[in-house]
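Sharing a structure with you now.
A, B, C and D label the chains in the order they appear, each numbered from 1.
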C-alpha cells in the first residue's frame, strides 16, 4: 500500500511551512505496512494542480493526505469539505489573486473528504493530540488543492482528504502583536503518523464512508 | 415582486431568536417595489424543510432570504455555500441530534448561494453595517434549511440564500462568562433592508451570478 | 449631585469615537437627580491629564465616569484597575509613543476603580446590556486617563472609574478582514444611563467599596 | 546564584499542569552558572502563599520565576503586574471561591514584575518561541501567588515575576468543542531555559528596571 502526502511551499512571506516541514520527514517511512511518499506543492493557483496530477500519476497511491498551513488554528484540523471556488484574500506565490473563479469549470459545487475524518479526530484526541473537524478549508490554494484532489480521484476508489495544521512555534514567534497558536513539528509529526495509522486500518477494513465513526463534531454555524 | 424572508424560532434554551425578531417586523413591507412576506421556521430537523416547502408553495416568491442566529458572530454574515450534511453539536428543539446524515439523500455535496453576496456585503459595509462573507453555515438546522432551500429552488430562477446574524444584546447579556458579540434589532433591521434593496436591484438587472461584484472576500483557511 | 463624564476624541485613524459619540448626547441630562456634564479628552499622552484636571477643577463633580473605545471588545467593559505605566502599541494623536514610562512618577503601582463595578455589571446584565468586568485597561491613553483620574481624586471622596466600550457599527464596517464586535450608540447610551443610575444610588447609600455586590466576575488568568 | 522556580499542582479537574510538568524537569539544573530549585504550589488560596514562603525561606533564592497554566493562551505569557484582589471564577482545589478579597490586607493595589520582562520576551521571540507581555494575570490563585511573591520580596533585591504558559497538547485534546492553543513540554522547557538565561545575565549586569529593553509590548486596551 502506498500513501501520498503533500505539503506546501512557504507562502505569505514566510520562509517555512509546517505542512512541508513535517511532510519531508515522512518520505519513505512505512506506517502500518503502507509506504509513504511525499511531494511539495507550489502555493500557486496556476501550478498546484499540475504538480499534484503528476504526483498522482507517478505514484499511483492508494490514499492521499494533503496538508496545509492555517494561521491561527490550534489543532490538527481535519477538513470535511472542499468547495469549487477560489477567492484569494492574499496573492499567491506568483502574484495571482483570483476572485470567485471555479477550481474546475462546471465541476460540482463541492466534494466531501473520503477519509475517515471522525475516526481520525477521535483517535488523535484519545492519543493526546488536539484535533477537530473543520467545516471549511477556506477559498485559497489549500481549498483549491483539496477540491482538485477529490475531483481527480472521484470514483477511483482512492481515499483522500485535507488537513490544516497550525503554525510552527518559530512562525508564531515572528508575528508582531498577539501571538497565534502553534504546534511543534515533533507533535505534528506524531499526529500525522497517528492519523495515517487510522487511515490504513480503515482502508483495510473496507474504507467506506459508512464505516466512519458516528460521533458529533459539527458546528451550529 | 415578492420576497420571502424566513427566521427561526428560538433554540438552545433561548427565549428569542434575532432572525425572527427582525423578520416579523418586515412582514408586509414594500422594499424597492418588492413585497415582503415572512415565515417562522421550527428549529427541528424533521420539520424545518416541510414548513419551508409550504411557504415556498404558498407564496411563490421571486427571491428568498433565510436568516438564522449565529452565537458569537459579530456581523451580517452572508453565507456562500450550504453542504449536504447534518452533524448536530446540540439537540434540536425536539431532541434530535443527527450525525453525518445528508440533508437530501443522494443530493449534491453542496449548493452555492444564488444571491449577489459580494454586492450585498459591499453595500452593507459602505452604508455602515458590519458585514462579511462566511465560507461555512455550519452543520446544524441553519445549514439544513439553506441546503434544502437551494435544492428546492435549483433551476427555477428564484434567487435564494442565507444570512447568519449576531445575538441580540439581551441574549449576550444573559450568557455567563465572556460576552459574545451582539447587534441591536434596529441595526439588524436596517441591515436587512439594505441587503434586500441590493437583491431587488440585482434581480431587476438580470440576476446572474456573473453580475455579482468582483471583490475578494475569501479566507485563506 | 454632579457627574462628570469624559469621552475621547477619535484616534488610530478613525473619524469617530463611540465614547464621545455617546458622551456628547448626555450633556446636561439629569439622571436620578444628578446632573451630567461632559468633556472630551484628547488622545494625547501629554495633554489628556491636563484637560481632565481642568474639567475636575471646573465642575467639582461628585462622581466621574470616563469612557474609552476598545476595538474588538463586545460589551460595556467596566475596568477594575488602572496601572502606573504607559506602553503605547501605536502612536497617540500627536505621534508620541512612550514605552514603559509611569503615568505619575513615583505614584503607586495601581489604583482600583472606586465605582460599584459589580453592582453596575449586574444591573446592566439584568437589564439586557452585555457587560463585564475587565481586569486590564491596557497601557495606552485610556489607562493613563484612568490612572490619572484615580490619582487626582484619591482620598477626596469622589467616586470614579473607567469603562471601555465597543466600536460603533460604522467603525466595524470599515475594517477590512474579519469583523470586530460593535454596539449601536442607542444601546450604548441606554447602558451608560443604566450604569449612572446604579452609581447615583450607590453614592446615596454611602458609596463604600464594602457596599459593592459580592458576585464573582474574575478571570482565572 | 540560586533561582527558585515554582509550578502549580493541577486544578479545574485536570490531572496535569504544564507549569509543574516543566518545572519538575528543571530541578537541580545549572543555567548560566545559576542553580535551579523547584517547588510545587497548591492551587489553594489558603495554602499557596504559605508553601511559597517556606520555599523562599528554605532556598533564599536570588531570583524567582513562578509559572502557572493559562487555558487558551498560546504563548509564553510574561506577566507585567499583580493586583491585590482575589475574585475566583471557579473554586480552588479545596472549594474556596473568594470574591473581591485582598491578597494582602492593606497591601498596595499592585506590584510590577521585577524581572526584565521586555528582554525576556524579545530574546524568546528572537529564538523562535512565541512570547508576549500580558497586562493581567487574572484574579485567581496565579495572580495571588504573583502578588504574594512580589510582596514578600519587596525591597529585598530579589528579582521575581510570573509567567503564564499554554495548556499541554494532551490537555487541549481532552477538551470538547473548539480546541484551545497548546505548547509541547519540550518547547516550553526550552523557552523557560531561554528566559532563565536572560534573567541571569540581567542580574549579573545590575538587575535594575531601568536596564530592561525599551521595546513596546503594550495593549491599547
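By our rule, contacts are C-beta pairs under 8 Å (C-beta built on N, C-alpha and C of every residue); 3 or more make two chains touch, one makes a residue touch a chain.
If you're wondering where the values come from, they're calculated on a predicted model, not measured in any experiment.
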item: Labels of chains that are neighbours to chain A and to chain D; value: none
item: Reference chain C; chain at largest CA-centroid distance; value: A
item: Chain centre separation in whole Å, for chain C relative to chain B (CA means); value: 37
item: Rounded Å distance between chain B and chain D, as computed from the means of their C-alpha atoms; value: 46
item: Chain A and chain B: spacing of chain centres that average the CA atoms, whole Å; value: 30
item: Multi-partner residues of chain B (at least 2 other chains); value: 89
item: Chain contact topology (line, ring, star, complete or other); value: ring
item: Sites on chain D touched by chain C in the complex; value: 12, 68-71, 73, 80-81, 83, 85-90, 97, 99-100, 108-112, 118, 133, 135-140, 142-143, 164, 212, 214-221
item: Residues of chain D touching chain A in the complex; value: 74-75, 124-132, 169-170, 172-174, 178-184, 186-187
